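Structure first, commentary second.
The letters A, B, C and D name the chains in turn, as written, and every chain counts its residues from 1.
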Amino acid sequence: MSDSEKSKNFSAWFGSVTYGGDFSLSEKPLISTSSELSDQLISTLSSSQNIRLISSLKPVFKEEKPDYRALAKEAGLADTDAEYVSTLREIAIQTARKQLSASMTEDKKVIQAVEALDDLNETINHLTERLTEWYSAYYPELDLPGEAYVRFVSEIPESASQSLMGAPATHEDLLLLQSFADDILSLYERKAAVESFIEMKMKETAPNLSQLAGVVLGARLLSMAGGLKHLAAMPSGSIQVMGAEKAMVKHLRSNAPSPKHGTIFSHPILNTAPFRLRGKIARSFAAAVSLSARTDYYSGTFNPKIESDLNTKINRIKQASSQKEVKE
Amino acid sequence: MTDFLKPYSDGVYEGRMRGKFQLYTKNAAPGSIVYGEKIMTDDDGTEYRSWDPKRSKLGALYQKKIRVPLTSGSRVLYLGAANGTTVSHVSDILAESSGVVYAVEFSERPMRDLVMLAEKRNNIIPIFSDATRPELYFPMVEPVDVIFQDVAQANQAAIACKNAAYFLKEGGHLILSIKARSVDVAKNPKKVFAEEIKTLEKNADASFKILKTIDLAPFHVDHMGVIAVKNSKE
Amino acid sequence: MSDSEKSKNFSAWFGSVTYGGDFSLSEKPLISTSSELSDQLISTLSSSQNIRLISSLKPVFKEEKPDYRALAKEAGLADTDAEYVSTLREIAIQTARKQLSASMTEDKKVIQAVEALDDLNETINHLTERLTEWYSAYYPELDLPGEAYVRFVSEIPESASQSLMGAPATHEDLLLLQSFADDILSLYERKAAVESFIEMKMKETAPNLSQLAGVVLGARLLSMAGGLKHLAAMPSGSIQVMGAEKAMVKHLRSNAPSPKHGTIFSHPILNTAPFRLRGKIARSFAAAVSLSARTDYYSGTFNPKIESDLNTKINRIKQASSQKEVKE
Amino acid sequence: MTDFLKPYSDGVYEGRMRGKFQLYTKNAAPGSIVYGEKIMTDDDGTEYRSWDPKRSKLGALYQKKIRVPLTSGSRVLYLGAANGTTVSHVSDILAESSGVVYAVEFSERPMRDLVMLAEKRNNIIPIFSDATRPELYFPMVEPVDVIFQDVAQANQAAIACKNAAYFLKEGGHLILSIKARSVDVAKNPKKVFAEEIKTLEKNADASFKILKTIDLAPFHVDHMGVIAVKNSKE
């Protein structure tokens, strides 16, 4: 556009603007419906070149600011101030709608499913407890763990009362108890379905993270970070202690020791490690989680080297420690 | 104007609710409420929405009788719009003249509510973006008279300064809510506030003259409200 | 047995004992299996005559005590001390089992059902909230109350996306969401079934209470009291404030006002009453609840007079108050 | 006897758990545990069950090194047996000789557990009755050496006296746990305790000489343990 070093241009919602001492319209949009304009705005907003240009113009903007209304009027998008606002508003609403519609990425679906899974677990425990309490009036001796108890109640034949001190159950009692148990069993099924949904989505969206951390822990880390993008952007030190926020606050406020690991501790590589190596291993593991998330976010292809490198590193930590022991 | 209400500040009215001092704004979207607020209707059918200072930092500032530099003609950049509880009152105020509010929100769920709010009100420009990176939404936002910011994250003053560099006119005002715990959970809130104020006063992006600082308790705990004016070019 | 005024007898587990200066066995049991003995013990334990006799002997027992082991040996139920304990233990266990089996009376079933209903309500709200949050990513504009929302999701045709800013839903997304919604609908059904179970049992067990307070409030009062027997035994002042325990503790500890009503406030007779008459009406209503519970517990037959008397009384309260107003 | 344990009181043993002083009783129902307590097994296979003072008022009394008047040959009336956590340890103690415990409980749910416990132990007589009305279970209970009472309701001392009238032998002991809040939620615990002690000392049904009173904190808050001996006939 201009040969001068100082002359720069950037795109705004109504067209391109050139700066060369002052701001002027350099390009009008060739389209006119608000749907087209919002599509174009979405590509403008996500253009890293445009973002760079704007950033580089910050020193200019500090001193003087472009008059968008005048430029939009020049571009033919508004005749009055009121029209400027109403046109921009319509485009902004459409833009936001499209962005929101696109924001439900696969990793966000994992997060939703993880939250639903937590609710299902809580609900199942709660209702199973209630059923146990309720049915134990009829069969106090029955001692089965969670799901087996529910299945038993759902399947009892009406005739059978195996209890020495339970109340006799009437037809209505049994019907109600059995259908209550059936509901809980259905929630157990749903839980399994949500789990396999998470597994499927995780393997698609985050193959490296799924392989390294496992689907369950991987999904939980994703959920806590708020998405794959956020997990990929997180320093590995933060990943290491994510889920140990309380201990961290305590550490910062007082002399309590800094937490060595948060949620990642549920991984066998950590919870089976010798106590004094856990800090070191947690650091390596968190770094590998971070690398996995970044690989998943930026390339999306599976790289087996992440896991094998981690194993090599952990073996080295363990060897160094046992050699030290031998010396001592 | 109703018997019960009288003007309090540009676009803001005072009245009583259950015997207590209560602020209102004139409903710019008659017939709809936003967050369960109470509606008061005057003889000619105009609706006034009660403004709960516990649900709004800006509302708390008005409630505490601070002079808030917001007029019905202002162009406002609102950072951290959330689901629009406060934005709706700002929209009411601006609707009394030709003001406009650019409402920036980064989280999907509140953003959806905000879009639905903007659909009902013709002076809200909803922007789904990250308030810490003004270069991202620069293509949508014109220079403004007022920046209101209520984001719960670290470096709140620095974020305000950066936005001011891009958008705030000479002599424009900043209305800032600082949440101590968001800046640093471990530090003493007073220390946090002092440091944030220092940032506002001397920052490479923009610098401010502080007009007023005020503790937002009891409406908001560990929150401080700041009203500042942008210094002219040095 | 004895002509002397001082000679009295009572029954113990091993037979009848006569007191006339000292204790002697007056009657041996004619039966011998532990099941028979426990049946007999149950009737002994519940014999109000026997209880009265024992109470009247308290002054004697304060001074001297019967040697049960010797008497049981005499009755032929044990040869040694060890046998005494083992025989009694077996009978006691059987007795307790039978008592427990009989303790699940119909009013206790109401209590169990009320508790299950509370859990179902909580669960339904929790899962409905989760579904709303989850599905709103696909259809944020959808604004329906609770059950209607769930029903909508359960019935969405896969093709239809009515949203301007929702994410497009894949086949798997929809399947999972729909089955989740189906589970919640099933819980809504269960809730209805538990409610009609409660209604049925209440009308059988507590016809007067059901009529006066309504099935729902009646069941709740029963549940809070711990059973019909307990509700019948409760002073009507306690019934009046049951459910306002926190306010009561506050009142007792500080100068806070005494609560005028607790759970009974949910009844229209109270919550539609003029504010200043509520205390008086609550007192009358609680008295009628108490009378209903006592009638249900002791006679079990329906007495329409309880309700009509209450209405008369309340009308009188209201009239007296309006006359007073007129005077003023 | 194991290396780890040594006798502490009749039927009660002391040892260490994670370096801390810990009481045990010899498991009278080997192979089964009652409430998640830890088992320690000695060389000849004898099992010892750890006794958690936080779960048991009686356990707390032993833990506080009070001389508890309970021997392995005692006949015990246990009022407020609940689901048998403490009763199981009493049963362990009594199993070392020929003692027996009459365990009274009024609520259905814990009673079911208590019956199942009694099925496994041959010195527990379970009684489904109301501890405030000893005339109801008089047909089942012989005179006893010790009454232990832990009922969470008003008039705790009066209930103990009434039971003592019917069942407690001359010179027999009362071990009583008083929960202040159960007597009166609104009153100061100290006042409550003083009044209950007065009842024990002078009551028409039975009177006691107080041997020891002790605060059960930190194991049980607002609970006092009382050990008393029944006065001879006046």
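In this section, a contact is a pair of C-beta atoms (placed from the backbone, for glycine too) under 8 Å apart; a residue touches a chain by one contact, two chains touch by 3 or more.
By chain, UniProt protein names: A, C = rRNA biogenesis protein Nop56/Nop58; B, D = Fibrillarin-like rRNA/tRNA 2'-O-methyltransferase.
What you are looking at is a predicted structure, and each value in this text was computed from that prediction instead of being measured.
A.B. asks: I need the common contact partners of chain A and chain C, sorted by label.
C.D. replies: B, D
A.B. asks: Per the centroid of Cα atoms for each chain, what is the distance between chain B and chain C, given in Å?
C.D. replies: Taking the mean C-alpha position of each chain, the two centres sit 53 Å apart.
A.B. asks: Taking the mean of the CA coordinates per chain, how far is chain A from chain B in Å?
C.D. replies: Using C-alpha averages as centres, the distance is 29 Å.
A.B. asks: Going through chain D residue by residue, note those that touch at least 2 other chains and give them in order.
C.D. replies: Within chain D, the residues that touch at least two other chains are 108, 112, 115.
A.B. asks: Give me the residue numbers in chain C that touch at least two other chains, ranges are fine.
C.D. replies: Touching at least two other chains: 96-97, 100, 103-104, 108, 133, 137, 140, 165.
A.B. asks: Chain contact graph: line, ring, star, complete or other?
C.D. replies: other
A.B. asks: Would you please name all pairs of chains that touch?
C.D. replies: A-B, A-C, A-D, B-C, C-D
A.B. asks: Show me the residue ranges of chain C that touch chain A in the complex, using the header's touch definition.
C.D. replies: It comes out as residues 96-98, 100-104, 108-109, 112-113, 115-116, 119-120, 122-123, 126-127, 130, 133-134, 137-138, 140, 163-168, 172-173, 176, 179-180, 183, 186-187, 190, 193-194, 197, 200.
A.B. asks: Write out the stretch or stretches of chain D touching chain A in their complex.
C.D. replies: Listed in rising order, the residues of chain D that touch chain A are 108-109, 112-113, 115-116.
A.B. asks: Can you tell me which positions in chain C touch chain D when the two form their complex?
C.D. replies: 10-13, 41, 44-45, 50-51, 54-55, 58, 61-63, 65-69, 81-82, 85-86, 88-89, 92-93, 95-97, 99-100, 103-104, 108, 249, 252-253
A.B. asks: Please give the residue numbers of chain B that touch chain A in the complex, ascending.
C.D. replies: 98, 100, 108, 111-112, 114-115, 118-119, 122-129, 135-140, 142-143, 165-167, 169, 185-186, 205-206, 233
A.B. asks: Within their complex, state which residues of chain A touch chain D.
C.D. replies: 133, 136-137, 140-141, 165
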